[in-house]
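Same chain, two partners: subunit A is paired with subunit B first, then with subunit C.
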Partner chain A sequence: MNESKNIDYLTCLFKSLPAQSNSSTFQDTLPEDPQLWIKQLRAQAIDEAGQLKWPTNKDEEWRFTDISPLTRLPFKPAQAGYVPDLSEVRPFFIEEMVNRLVFVNGFFAPELSSITHENQLIIGNLDTLATSHAHVISAHLGQYAQFRQNLFTALNTAFLHDGAIIIAPRNTVVDQPIHLLFVATQAETTHYPRCLIVGDDNSQMTVVEDYVALQADKSSAYITNSVTELKLSANAQIQHIRLQRENLNAFHLANCAVSLDHASRYETISISLGAKISRYNLNVSLNAKAAECAIDGLALITDGQLADTHTCIDHVKPNCTSHQQHKCIVDNDAHAVFNGKIIVRPNAQKTNSSQSSRNLLLSNKAQIDTKPQLEIFADDVKCAHGATVGQLDKDEIFYLKSRGLSELAARNLLTYAFGAEILNNIPIPSLKHTLEQTVLNQTQSH
Partner chain B sequence: MSAVLQNLVNQPYKHGFVTEIESEIAPKGLNEETIRLISEKKNEPEWLLDFRLKAYQKWLTMSEPNWQNVHYSKIDFQSISYYAAPKPKKKLASMDEVDPELLRTFEKLGVPMHERAALAGVAVDVVFDSVSVATTYKEKLAEVGIIFCSISEAVQKHPELVKQYLGTVVPVGDNFFAALNSAVFTDGSFCYIPKGVKCPMDLSTYFRINTEGSGQFERTLVIAEEGASVSYLEGCTAPQFDTNQLHAAVVELIAMDNADIKYSTVQNWYAGDENGIGGIYNFVTKRGLAKGVNSRISWTQVETGSAITWKYPSCILRGDNSVGEFYSVALTNNLQQADTGTKMIHIGKNTRSTIISKGISAGKSNSSYRGLVRITPNAQNARNFSQCDSMLVGDQCGAHTFPYIQVHNNSAKVEHEASTSKIGEDQLFYFAQRGIDSEEAVSMIVNGFCKEVFQQLPMEFAVEATKLLSFKLEGSVG
Partner chain C sequence: MISKNNQTLLNVQNLHANTQDTEILKGINLTVNHGEIHAIMGLNGSGKSTFAKVLAGHPDYIVTQGNIQFEQQDLLALPPEERAQAGVFLAFQYPIEIPGVANSQFLRLAYNTVQSKRGNDELDPLEFDDFVREKMKLLEMNPDFLDRSVNEGFSGGEKKRNEILQMALLEPKLGILDETDSGLDIDALKIVAKGVNHLRNEQNAIILITHYQRLLDHIVPDYVHVMEAGRIIKTGGKELALELEKHGYDWLHNDQQKNAGVSV
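Moving on, here comes the complex of A and B:
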């Protein structure tokens, strides 16, 4: 990948940016911003993006993930307008979930969504809520996902036009989980999904963020560049489940930024199944005492896929707890990357943090690069991390065979068990079942 | 921290003094002239000058690395003198002929050469600045065919061996500091163990940096032929200076079939004062090539000195069934910075590696473990176990871990674990209850923490290392 081509790609990309664009077609697709602050936010992001370079393998953050194939794709932003039939999208619905926001190519599709207003929950799309709830949204949007030094967050913010907004006011307990479904339908486009989730004091909710593809042609390539911002105030709790099941030619670049206040609790499970190249950056900042987070992840990849997960857990204040478990099941010539950074700031005493990265290689062409990283600046802390890489245990296979299982069944069972440790934590039965089937199907291909 | 403890922390460096010996110093600055001058002074053959010039050309095209987790003011490579040698006197035949001033220096450092040689059976090849001054036990080693001498002597007497192996493990353009070393190295040690010979004694070298303002560029080459085995010790102390001294050494180890090399280091160079002024910059490239089948390379290091330590003793496990080991204790205090670790590159089949790294940070220091375990696609059944533990003493220091694990073969089994801890108040209380004061308690806890590494050191070094750590940490816990 030569340098000049990267630069060309970015130059073209910037030309298509909304603020600089003379292209009337693009302007037409965007609703006139009702709010000045959104325009300002976008302008800042455009300025920032203009100063950033396309990341290459020479950047430490992208050392193992070569995203140059992206530059070979057209970069046309996705167009609004097309809404698929309900019957096409229905297979992706999760039966327990009555609250559902569906976005097609990053644009809200009210026809496919269903919202039952409960309590005082504010839920909807940015476009609609930007006027009625400008004050509360502007206080949070763009505040956590920093676009400084992050090209893809900057680009997402530059193209900011719509997005999912969930705001749980004080003391609200949302009983029903909320499904945010992002559907990609257009080939050779980039779409920019955006989520903002805010939990005020003592609120509780469960959110499933789901990325799927709906294309006649399964081989079509597209780019998803998503940004999710999540803010929990004192004592708030959230369960955040993230599913990435894009088609196998997609490029998925995602940033998620989480900010936690006093005694709040963030639980997340991210499952990465699809995309040719996927990259998920999760930054959790424990900004007040006694905040907690539990971060689980599973990447199940095969056939030339690359799944890269970068997490950064920042213990800013004392007495916080974080637990992380990340697993990768890598088959055929797939390549998994994990980089888990834990920072314990000076004075963040009594931090309790654990991290484990466990990796299963199913084929001799599979690759894994893992780097669990600790940066500790306080002395009274408990921090441990571990990483393992291995294949299925011969003794375990032998044991199962001695019980009458075939070699294949034994291998599948062990692989399934490896992944099940993560999937078991999913609180939604039908979703858990679907994912368990996916793991079984994928492993049964041998 | 109480005042008493404060005093203990700020113990002055015991080994700080400058020996007044007339030195022959090359003019400051680095260019082709300097390199030719060094080569000429050392009466080197043409191929070695070419080697140096090639390295220099390479160095010119390289830029100083900046990825490491250490901070220092930029080094002006043109203000360093690249050659300093004590004025040559007549060739020495016995210990009595050595400059008495020099001998007194060693005495102060606690290196009783003749005693040590006689009692401990250790041959000490003393490197004083850049030129070997005295070598003992050479004849005894020569009897079994072992060549153990300074590298300059080896260039004169065994040019074919030096030419064959020099730069094969660490190529001239390997990294910025290795290239610099290859261009300007002045002396170092050379050790050749012939086929089937088990070295009858531990080999040891003492490094001293003496002349103010002269960087020291050591070059060490250890070759163990088929079935040979050797244990090599290196220990360091340096006098107190205000200007930073650069030390960019290169160590190359080569182990053939069934050979075994054990390389141990105790490093206690001047770390600068409590404000971080002065101290040695220790930028070292150490690498071992386990070339033959069943070969074994083992690194053990106790790093307590230097303002900045930046080194990754590595093993390239090329031979089938070869074994690589890395045992390290890195202690930092005051404003010291250490970025150290290892690289284990598994290439051969059934290769195994073990990494045990213990980092202790006190005061305002920062220590990092940075390690790489790479299993290449053809390394069937490779096995690695890594453990890196950090201990923090005080709330102003930092401990960092950067383990890179790259696995390209599914038959590999790689495990990594790391933990961070501090000396607990209840632990100290328990000791106090048993009548052991906090200072001794800290020393015992730290030594227990480092036990796995000290066990790897030869006896005298283990004793020295234990003392060194206690001394360095005195009063850091309050």
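Moving on, here comes the complex of A and C:
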């Protein structure tokens, strides 16, 4: 590893952290921790982060994504205090969603949030709930997103100060979807959003995790380093929609870890639109029989953007199902990366897994690296995978032209459709409509 | 529907076409007048579907000789979309699925594009919705098909009905039905045939491409043509289809017909 390259970023980060958790400066430099267990978790993460090296292209996991530009940016942790006007944030609200937690630069903004308590749902920010619900939160927080071997998860945990907490107790069906809105406002800072979502037995909910930017200067750079943990107990169901619509100079590094118990079902749709460089790691562990996951992704990028999605679906137990569909639409000189690992452990017989990676190049400078990676150690399994990279199908274009559409109109419609297919399953009409418009605007040439 | 003052709608002369350096069409002659229904029959590989695609302008086929006159226009000079706008419609043998685009969106886009090119008013979504629902009744289609993605998850019969729905919306002068009957059960066949019969009038014409007589029981042709090896080798009235049904295509070779390639 090249030490000189990394010195700026890491030095800057560690200057803002104590060397050890028992340092007397601990309370001075970080928001107050109400609970010792959080301090201990952070202390472990700080130790771990100090030992991990900055990833480079020589690491297999980072082969196609060069994040060295980050190391040249001495971005300090974002500061609490600034809260934008409601009118500035309102455009990001989703009209059907009454439950909304808004975080500004990683800090909870109650004046922008709106919570209707449904049933026994525990919803709020970590800073507030850490005292009242320490027992239940400490049982989960940091348990699924392992910071061992993962520098960015370690850093997020080291800087843990606040976050979104949603805990649906047993048999709770949350009718209203929940919007977690993370707003970045400060230039040249790093912010550390954190989410913990727990569905106890038989619970059901829909959560939208949403990253947006609100800078006066649209060209300002910043780093988002987020960690999300989801735990589903027996028969629980979660629909998890993730939107990354950062500004086009942002760096977005995200880790999401999902743990599934018996017959639980995890459905996710992740949409990557923003950021100069983004990396989304999604790790789903099917830890008990009959668990299911459906994982859809869409990256829609242009003009020098890089969007990297790494997923790992780990079939630990028998009779589980996973279906994955990932699409990239890449225009101009943008670069999309997809690495889809599927592990079927020796015990995981009767696994049913499918993966499809479909990629559309809209320019001859666009680049796609797609890599299905199947590691199958059981013999009685069904695993299908396929990857395509290409341009529009000429028979499809002819079909539309034979109905009177011009070549351009036909191409535009098919490109739109390629992206819109992923949006079809979004259960929130206004959000679906907004995203369809975004896809429409970005796929139409004139 | 042959009448005395019929005018020529389509005139195909000595049409030759290649795909991937193989000649598929080897000199087709065909004249279709307004108000007529022509059936084209023949074995697999005889060039029927290629002929349909060449009429619609499929880019895989290169016309090497001959010409096609459509009303006063040189059809071969027009790209596919302008042929559609001029009134040529091909109902596909294998309609394309377009996941991600609602059928209603697609139908309205096609309808409005063609209408504006023809100098007519476009319809807004609400007006179009009423209009298309009326047309769907004709084909006994469930309005749910408007909200579904174009042809995605449609059964074979539903796809074919969706093709005829497009024909009803675009009101072509020449409708070319490429094996619209294949994959249809008898009930679906009757519905599709009823829709096609409803759409025909003295101003338009239809070319039916089919293997089987059974479609022709429901859409009765004025002329039946038999294709073989890229040419029309025999032309007759509707009774020719019955003869073929009875005797098979080999019968044509045993029969000492001399009028191969004669156009009507």
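Side notes on the structure shown:
As a working rule, the second predicted complex is superposed on the first by the 421 of 446 C-alpha atoms of A that agree within 3 Å, B and C clash if a C-alpha of one lies under 4 Å from a C-alpha of the other, contacts with A are read in each partner's own complex, and residues count from 1 in each chain.
By our rule, a residue touches a chain if its C-beta (ideal position, glycine included) is under 8 Å from a C-beta of that chain, and two chains touch if they have at least 3 such contacts.
A quick note: this is a predicted structure, and the numbers were derived from the prediction, not measured.
Once chain A of one complex is fitted onto chain A of the other, the partner contacts of A:P346 are limited to subunit B, with no touch recorded for subunit C.
Touch criterion met: A:I376 reaches subunit B, while subunit C stays clear of it. In the overlay built on the shared chain, the residue A:Q143 is in contact with neither subunit B nor subunit C. Touch criterion met: A:A366 reaches subunit B, while subunit C stays clear of it.
Number of subunit A residues touched is higher for B, counting subunit B against subunit C.
Of the two partner chains placed by the overlay, only subunit B lies in contact with A:A384; subunit C stays clear of it. Common to the subunit B and subunit C contact sets on subunit A is no residue at all.
Chain contact summary for the complex, subunit A toward subunit B: residues 60, 346-347, 349, 359, 361-391. Every residue of subunit C that touches subunit A in the complex is listed here, in rising order: 56-60, 79-81, 83-85, 89-90, 92, 95-96, 98-101, 106, 109-110, 113-114, 117, 149, 166, 170. On the side of subunit B, the complex with subunit A involves touching residues 67, 375, 377, 390, 392-422.
By the touch criterion stated above, subunit A contacts subunit C in their complex at residues 394-396, 398-407, 409-410, 413-414, 416-424.
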